[in-house]
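Both complexes below contain subunit A, partnered by subunit B and then by subunit C.
Showing the complex of A and B:
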């Protein structure tokens, strides 16, 4: 852990409007130093847009983003600490996909001031990437590996990855998470990882940020969030009695039975004396409870 | 820190310019030789058309680079943390280098391959004329690039259309040039005296400044879409 404790990336009242659609709605978020964040949300929730705005790749319609108190927009001093490695478009006529992997990595090395050439070399070997191949000729998984290499070798203090495991097989995903955790342990860099494969990544995320409809639904320590969340099931009458006054999500009814996900507030607990089953929930269950559609069977 | 960012951007764009220049020069020789072989000319005339072919390929390069600049010159550097203004100046520097190469290599190869005898005054006038045309071409391509950046996919069709139109116009121009030669006809059309060509240069510079100023207004809020 080499970095100062005070560094943080902060956004306040971020609004992003595309044409007439409000994609991000008054987002306040602080990415603190030395943590691994998981950014999860459904398709179209605004994850990529948020990461783009945090790294000044896209302008916000309203609001401000600061790194260590400095505005990030068109500020080299702030941007030198940030990296957002995004997915590469495979079919763009003049895009990065037309380049060879070697050339793409060389260009990344020009712009990232702390670029670790040895690490980039080591990772290309580890992922068995043919650096002479054009990016467009790579499989989806291989393209993801290229973005992972850029993210890790950039050595940026705050590194963001957009769907880095998309298309990766289970072995490569395991390798990726191990690499992130190793790098985090060695350097204390901050990682923000957006993903749809929640279950596998849950153990890696120290904090989780859940986006829903362009708003931050929750930003909390993953373990603490899971400790105060549970699945309550049983007779509908008993479940209703137990859950009265509590935050209840994702009700599922089956005849007279009912199951709900409950998230307790600090100091709250489930009342005793009811014939209900209480089970722990996983991060994926919780995400489904927060973002899944209500359903009645 | 800001200077370091500019240095990195220039490092990237100058390197790109070097690659383009090498490709243009190599391409000019290859195409000139190919054209002479097709025409059944001997080894003596093999490299005679190199100067003109170099000008043509440089023009195509300047046009293509500018038209695709919103993806190739801005998206990637900005996504790697380059400032928009640095990417803008870097692209300008790259275009200037390619144009300078076009001019320089045209005159050097004209001397080497002895395609024509010219006085110093004629050379300057011709240089100013070529520079004006390059600037106008670059400005036109920048305009298309900006239209593409602003209106997305529709612009691909505009780009393809404009490229085909530009190539056809050049083809028609070359075929009409006949005994005048391409440069001769250009001088006939645009005026051959130094004062006349200087006016063209002033016009080209004014157009270039106006288009690049407009381009910066859009580019300063450029959004990376990859």
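Showing the complex of A and C:
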């Protein structure tokens, strides 16, 4: 009986170069079993590339990816534990994607040894998906739903979803989060979910990985990260005094007032006695602080 | 239990406070079963580990207890325990900011006491 609890997906010194451009720069990451991870980053930060390298759908230029110590590349034993459910396109490299949904699901069932047919059926019904429909004829939302069905029904130990909610309306998005949380609660499967829609998903992520310009900016327990981050505002004078020596991001000024996002290191705390407003920040706020641009519009 | 989560404080703290509020309001009675962490996670669309943290906080404080294989239950005397806990935190959570703001606005002690007396009679 395998000890699933100790099997983790590890990548070391991953570098990916596309046409002379370094898209991923020395990524070291360990995806531990039994957690829901959020992978957030701007467009072009390298999220999709990273996920496809982790699941051996794309070769790294340098570096290694291992699952439970075994290299993942072309290793069916390792790959049987992984699933990468990526966006489906209406147009494949060979023209219009005329495959029907049910054929796509059947191929997925062959691909993933632990495929749960009942679950796929149940979810298809839940999403009101017509399996006879050809992929090219699906709406963006329906395509996202197919992606979600594949991810969940694969029953893979580590499942990656690349922007699964991009095409879904808010009602369907809520359904998605419930489904993932429910599946995770029942099975303890590992999920890595990349998304742009940060705030809704923030509470679902036990750990968050922030990717910026091809590098891991931060990988941390979501709640711990948020607990050590805050927004400090007030008279610029006082704000500067309070934040002396601390890591500040995203300074914003208006007249004499100033607002900054502060992220404390271990052992640091805000000095007391200053008349400043201290507020908690959301994951989205923090992401903007880390990855936003100070453009003059 | 139907309060909405916000970002004012850590989610797990909001979960434990919600359960406490339900106990105070007699929505959850002593010796009654509390929703499971998985039910809470699904309901609020949060990570089960977060829900568990909120529940465990209450277990540590003796407000909930665990019946193995069955679930979490409201402990005897939980209601009073919550009241006591909140009473101790009352100054920190409510009075401190009141005094700070009053000071900022130049509202003196006498005026504050007058306000409390006037409205205290009306509200109760």
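We adopt the following convention: the second predicted complex is superposed on the first by the 288 of 297 C-alpha atoms of A that agree within 3 Å, B and C clash if a C-alpha of one lies under 4 Å from a C-alpha of the other, contacts with A are read in each partner's own complex, and residues count from 1 in each chain.
Convention: contacts are C-beta pairs under 8 Å (C-beta built on N, C-alpha and C of every residue); 3 or more make two chains touch, one makes a residue touch a chain.
Owing to the predicted nature of the structure, the values given are computational and were not obtained by experimental measurement.
**Q** In the superposed model built on subunit A, check whether subunit B and subunit C fit or clash.
**A** Overlaying the two complexes on subunit A (C-alpha atoms) leaves subunit C and subunit B fitting together cleanly.
**Q** Treating the CA centre of subunit A as the corner point, state the angle out to subunit B and subunit C, nearest 10°.
**A** 150
**Q** So, A:181: does it touch subunit B (first), subunit C (second), both, or neither?
**A** In the superposition, A:181 contacts subunit C only.
**Q** Once chain A of both complexes is superposed, is A:193 in touch with subunit B (first), subunit C (second), both, or neither?
**A** A:193 contacts neither subunit B nor subunit C.
**Q** Identify the partner contact of A:77: answer first if only subunit B is touched, second if only subunit C is, both if each is, neither if none is.
**A** first
**Q** So in the superposed three-chain picture, is A:158 touching just subunit B, just subunit C, both, or none of them (first/second/both/neither)?
**A** After superposition on chain A, A:158 lies in contact with neither partner.
**Q** With both complexes superposed on chain A, which partner does A:280 reach: first (subunit B), second (subunit C), both or neither?
**A** second
**Q** Using the touch definition from the top, say if A:129 reaches subunit B (first), subunit C (second), both or neither.
**A** In the superposition, A:129 touches no partner, neither subunit B nor subunit C.
**Q** Tell me which touches more residues of subunit A here: subunit C or subunit B.
**A** Tallying touched residues of subunit A, the top partner is B.
**Q** Name the contact category of A:65: first (subunit B only), second (subunit C only), both, or neither.
**A** Touch partners of A:65: none, neither subunit B nor subunit C.
**Q** For A:205, is the partner it touches subunit B (first), subunit C (second), both, or none of the two (neither)?
**A** Second partner only.
**Q** What is the minimum C-alpha distance, in Å, between subunit B and subunit C after the two complexes are superposed on chain A?
**A** 27
**Q** Which residues of subunit A touch subunit C once you look at their complex with the stated criterion?
**A** Touching subunit C: residues 35-36, 174, 177-178, 181-182, 184-186, 200, 203-206, 222-223, 226-227, 280-282 of subunit A.
**Q** Using the touch definition from the top, list the residues of subunit B that touch subunit A in their complex.
**A** 1-2, 4-5, 8-9, 11-12, 15, 68, 71-72, 75-86, 156, 221, 223-224, 226
**Q** Under the stated contact criterion, what part of subunit A meets subunit B in this complex?
**A** So the residues of subunit A touching subunit B come out as 52, 55, 57-59, 74-77, 79-80, 82-84, 86-89, 92-96, 107-108, 110-113, 156.
**Q** Could you list, by residue number, the parts of subunit C that touch subunit A in their complex?
**A** Residue positions touching the partner: 5, 7-12, 37-38, 41-42, 44-50, 53.
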